[in-house]
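In the two complexes that follow, subunit A is the common piece, with subunit B as its partner first and subunit C second.
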Partner chain A sequence: MSRPSIPPAYTAASQQPLATLPLPAQLNLWLQGSRCCVEVGQRVLKHQLLAEADSEFGVALHAPTSGHIRAIGPLPQALPDAPLLDGLQLQPDGQDEALPLQAATDWPALSPLALAIRLQDMGVMGQHGPLLPLAWAAAAPPLALLIINAVENEPFLQADSMLLREQAAAVAEAMTMLGRILQPVRLVLAIQQEQGAAINALRSLAANQCWQLEVIQAPYPAGDDAPLLQSLARPEESSNSLCLPLAGIHAAGRAILHGEPCISRIVTVSGAVGQPQNILALLGSPVADLLACAGLPSQQHAIVHGGGLRGFALPDTTIGIHQHSHCLLALAAQAELIAQPCVRCGDCASICPSQLQPQELYWHCSEQQLEQAQHWRLADCSQCGLCSAVCPSQLPLLETFRQTSQQLLLAEQQQSAADAARQRHRFRQFRLERDKQEKAQRLAERAAQQAAKLAQQAATAPSQSTTPTASTADKQAAIAAAMARAAQRQQQRPDTAASVSSSERDAAIAANRQATIDAAMARAAARKAAQDAAKAAAAETSADSSEQAGLNQQQQALIQAAMQRANAQKAAAASNSPAAMDEDKKALIAAAMARAAAQKAARDAGEQEK
Partner chain B sequence: MTLVLRLLLLLLAIWLLGKVLRSSAQKLRPATTSLPPLADRIDALLPQTQCGQCGHAGCQPYAQALARGEDSINRCPPGGEDGIRKLAALLHTDYLPFAADAPPPKPKAVALIDEATCIGCTLCIQACPVDAILGSAKQMHTVLADECTGCELCLAPCPVDCISMRPATSQPADWRWGYPVIAIKAIKPGSST
Partner chain C sequence: MMSTPLIRLAPTLASRNRQQLLALLPAIAIQLWQLGPQALLALLLATATALLADSLGLAWRRQAIWPSLRQGDALLSAVLLSLLLPATPLPLLCICTGAAILLLRQLFGGSGSSPFHPVAGGLLLAAPWLPASLPHANLPLTLALLAGGLWLLWRGLLRWHAPLGLLLVVLIALPVGSGWLLGQSALWLLAGWVMSDGSSTPITSRGRLIHGQAAGMLCISVVTLTTHPDAGVTLAACLLLLSASAPLLDSLTLSPGRRT
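== the complex of A and B ==
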């Protein structure tokens, strides 16, 4: 891993004209929240839909050129550590055969939501997902301030300035279109002091337009969305304002006014390349092609995706660019990063735009102490990377803060998921209880109705035969009420039983079973003892009758032994049941035995009656 | 005489100070009533999978048992070691490793019903503690993946074994920054820095 040193903010890239990347041999596209609607081997034309958005946060993907689909599946993507995410490989056939573009003329009549959906279908991305968030567009709150963010003050970034220089008229058109549909009170194009050529290109266009030009003079990271909103929005506007990236606005203008889906973007290729320049490249073009176009010398370089401060190293140069790839840097491989202990120089604290104490924060973040990190206001960290850049000990401050912020976010998500699950669980318990009560009530009502009907029948029957008396009707009603009460009680009894927790119920069932087993064992032992005794007695009597007295004694001894044995077995059976059985269980056992005895008695009585 | 008087004065002063301290302690005591009951605070730390792996009927009964001091804090596999640490901090006890008889923690998974095999018996719907399964009698059932807590309580009742646990799907949103790793370089002893 190598670290970029802080480079001069503006490099030679802006002096070069916009170059166009020759058609690459292969395009590696990223299916970002979208569902593929083509098959492997199929030939597709330029602008043809390859994948449609399958969620609120996904965008559609269109073919950047004509060719064949080579593969659909996990591909490394231009993200830190190049994770394997769903992707699509397109092999261009060089003919660049395009579908005819259908320019919509009905765009002034579009609602904000219709515009957001059309932009999603055209594959125009903003910071996260579609350019206009669908949830925001569906609510369509009155928009006080719309900021088009063209500020790029991170080192090396040039793509937006180049876009403004080359396509100023198209951008102005797109902004007018957005102004008409979204109806913001104020539409501002934010640009930076150093982007001189772009400012000149726009000044002539800004006259008599619905948008204004705001020149930002504050240093990095004033061009981020949050500080920009803070500096440009008046207090009353801050709650309903929106910040959109310039590249997205340009693509939106192409999509809505000309019907052309978003298939390319401008990438700044800079650093240790032969000729730093801005290149117009198709989405999915491999990083290696872009670097080769700018003339990459042969020796080993670290390839960085993103600006000079927030960029991350790409391990693989076959990865295709995506809509957020605004910059590619080739940095001469430096000596390996050797982090030294923090020397408490305080440089990071003095440069931090959020007035944090990065050295303290680093200590807690590297120990993964989330609560302490929160206490030191990790949430306020804008992850600008300035602290990492100035650290003389080369501590990986930015990387640590990114990772810990994400951990924090993850912990918050988990907590909210747990809260939702708790709520659902509680509601389910409440619902089950309510259903049970409703059912009991229903049954009671039905029983009461039936009883009332019976009472009516009974009342009408005597009226036909004899004189109806008020007293019989009263009695019937009383019976009906009693039956209803009984039914209700019957229904409520399972309630109370069920409210005992399942573990207690299980224990009771187990104890009951144990009691039954114990009783059965005791019974069997007693029966066996009696049999033994009888057998012994029979044997003794049949053997000899002369020595009656002695035998009698022997017999009695045997009987006693058998009884002792039976007692011992009974005791053993009793000790089999857990000695530490508590009073409840004993009571349960006693009850079970009593019940069994009663049942037996009843059965015996029934048999005797027969 | 003066010695006795001084001693008496000293005792009086101590007694007065004690009175003042006690009354101020009563007045200035932080309002304990503002905190929710201990069981609720424990419940807030539990992962709410309602899986019953702790031996209780859900997270709330386990929290109540913990509040009564009837169970140990190391019985919740979905909470992981982090959960044990949080519980230990809340209950002012020591960290305990997982109980030997507790099932090992697993990565988060979501139930998936094989819709071709499902016979629509509604047994899994009745088993789901968070109402994350949708369906009705003799109709195909399906799991609301966003609501599923991965408790696995629906697996056992299924008569046709059509429910399987799948790891939560990987989306761009699931992607994580890695913990920064710094290469360690061996420096030869004797080489001056």
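== the complex of A and C ==
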């Protein structure tokens, strides 16, 4: 089946001039990945920041006019099935009192990332999130081809054509700005053959500019980003090219060159309205106001958000428009469609621009077989709606694919969250195990070293070495306790460095405390070992001296020292030998005691501070 | 709530069936002119039977009757059968039509669900009672059908792959003596209105081409190797046989495609 042409009645450009929507009684704004920074009841001025982006994918929101914030919370949004998402209700006060705009003159010095962040702060949106994706801008790859997408070949859409007709100079200015900052090798404005008036408006401007006009003739959905990139990018450019929507470019120009945040957009209002036209409306304007402005007769109508093929029904006309509201259609209420069973005509497969098999996909999607749906390449569906438009049985193909894609996305997000949690848990277990092993090893080594050192000392000065060593060990333990106390105190003190996040601080404190306790334990173990060694040495000396009086004391001392040294060396060499294990155990007991002492000391210190 | 209200870029099922009926109008006129009021009576009786049988089946399956009936599948089947069985006794025509609709459409779950085309089934059912003499070539009827088929093709409503496969084989087999088949109106009726149906043929273009070629080869082999005279009945039998192999052809020719 050949691609059916879209009837010209739907694509004829409106001859009506651009209308401006009167100030609505209420604006219902959508917080798209942004955090509110105003309060209910507060009066805000036009252009005032209402919400700032709280993620890489969010954009800031500015007040479209002056007025009072009436509500902040979940509101139905102009999306398929009108889900409740975070929104903000602004009641205009009619004065339209604006903050002064600060036009930045430093824009030629902006880096791509700085530009992307500024656009995000100005609330300029692209297809998904900020106009320039922050991750892309941060990587700042060399840009071979930048396409400005002004193609409108979905039935009814005229907003971009109208924007070009009205604001061609501003758009050209914005493109020059972008070309200067992003430095693409080639900057192309793509437009459809049928958008004649817009092409004429641009032709006069296109001479001697850093951008070219590219007129495409392919039918719908050639204006989508992916097919457009495919058709315009040369093979060597295809990997580093970017496609941006025209409305976003215009808003970017206003934002960067004039300091004006994005607060309005052009919406095509068409269908069964009295006068189909393009209306410049503030973001958040209720759909009902736009339809009334275009003269909607009072009969029952289905309100469609979006173009003639991708559009979806809105259940409620109080929903506010957002930055992706290109078009609103009022359709005379039709007899409800009764979908007939699939007759396997195969038209959907022959029209699909992604070469999918929509009939198979539809079957698996409606049977909730998500794996099979993925096997039949649901991910490659561009949701162009052509299959639904040609299906003789009027099956809701597009709607089903949309819902299933949403489900898959949700499932994917949940899966990745679960994976991350599992990985975290495994790593924690591994870390605990590793810490335990390391600690035991460290303790054994230290104990062995201390024992060797003390044995040497005992050998050189067998009789009087006992008390001084013990006293130094005591001193060391006291120092450790003091350090532990200090660490505790530091922890209890209110945070001094606000910039450090609390989790980092906690981790640092814990590490510090652990280190201190470890030190105390090691020292206590050393003290114990020293005492043992000294005791043993003393006993041996006395026994030897009583039995073998004839031997020279000096000689005996030398032999003992040699023996002790040999023992110590053996212990040090094989720290996991049974003897070392005993030492280890003793050291651990000592460590526990030291820890208790340190805790007590810390507690005391805390109480004293209080 | 209306789900995805759209611009329709292609006619609906009911409209397609209406246009297929419209394309049959010249053939109906020729038959009326050739056979007189008896043909009109046969047409009316077959239509009434088909609608009755379809309603019965729908009621039995507890489905809404009118939305399905107004799609016109039953009507189209009845007209095709009355054209294919011109000089049969009226009771036989009614029985064949009713049985085909009830057994081959409604029993399988309505149009779209049945893997066998009711018209081919009805024709096969009537075969034992058909006159054993070789039907003579009916040139005016054939030309009228050809005109209707070409009109459908021009409107983009004819899924031409299977009929093309059949015609290719018939043309290639001309030396074997298959030329007389081209004069048979039944061949053109089955090729243009039965083989272009989606549910009894494979869904891919390649599969349909293979389906048509296989039907042609089978039909010509049977007609030339045996003494069975009626090309229409033979082709109908071949089509029923090959409809059963459509799932196989589907699984051989259908693939999710290259991942992008």
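The definition used in the following text is that the second predicted complex is superposed on the first by the 428 of 610 C-alpha atoms of A that agree within 3 Å, B and C clash if a C-alpha of one lies under 4 Å from a C-alpha of the other, contacts with A are read in each partner's own complex, and residues count from 1 in each chain.
Keep this in mind: contacts are C-beta pairs under 8 Å (C-beta built on N, C-alpha and C of every residue); 3 or more make two chains touch, one makes a residue touch a chain.
Fair warning: this is a prediction, and the values are worked out from it, not measured in the lab.
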Counting only touches as set out at the top, which of subunit B and subunit C does A:A482 meet: first, second, both, neither?
-> neither
See if subunit A has more residues touched by subunit B or by subunit C, and give me that chain.
-> C
Using the superposition on chain A described above, determine whether A:Q32 touches subunit B (first), subunit C (second), both, or neither.
-> first
Partner chain in contact with A:L101 - subunit B first, subunit C second, else both or neither = neither
Which partner does A:H425 reach: the first (subunit B), the second (subunit C), both, or neither?
-> first
Scan A:A520 for contacts with subunit B and subunit C and give back first, second, both or neither.
-> neither
Identify the partner contact of A:V215: answer first if only subunit B is touched, second if only subunit C is, both if each is, neither if none is.
-> neither
Given the touch rule stated above, what does A:I338 touch, subunit B (first), subunit C (second), both, or neither?
-> both
Report for A:Q403: first if it touches subunit B alone, second if subunit C alone, otherwise both or neither.
-> first
Overlap of subunit B and subunit C contacts on subunit A, residues 1, 336-338, 396, 399
Residues of subunit A defined as touching subunit C within the complex | 1-2, 4, 6-7, 10, 155, 302, 304, 308-309, 311-313, 315, 329, 331, 334, 336-338, 340-347, 349-350, 354-357, 359-360, 375-377, 380, 385-386, 388-394, 396, 398-399
Okay, in this complex, where on subunit C does subunit A touch?
-> 1-13, 15-16, 64, 67-68, 71, 109-113, 156, 159, 197-199, 201, 203-205, 254, 256-260
Would you mind writing out the residues of subunit A in touch with subunit B in their complex?
-> 1, 32-33, 57, 79-81, 83, 85, 336-339, 396, 399-400, 402-403, 406, 410, 414, 417-422, 424-425, 427-428, 501-503
For the complex, which residues does subunit B have touching subunit A?
-> 43, 46-50, 55-61, 129-132, 147, 149, 170-173, 175-180, 182-183, 185
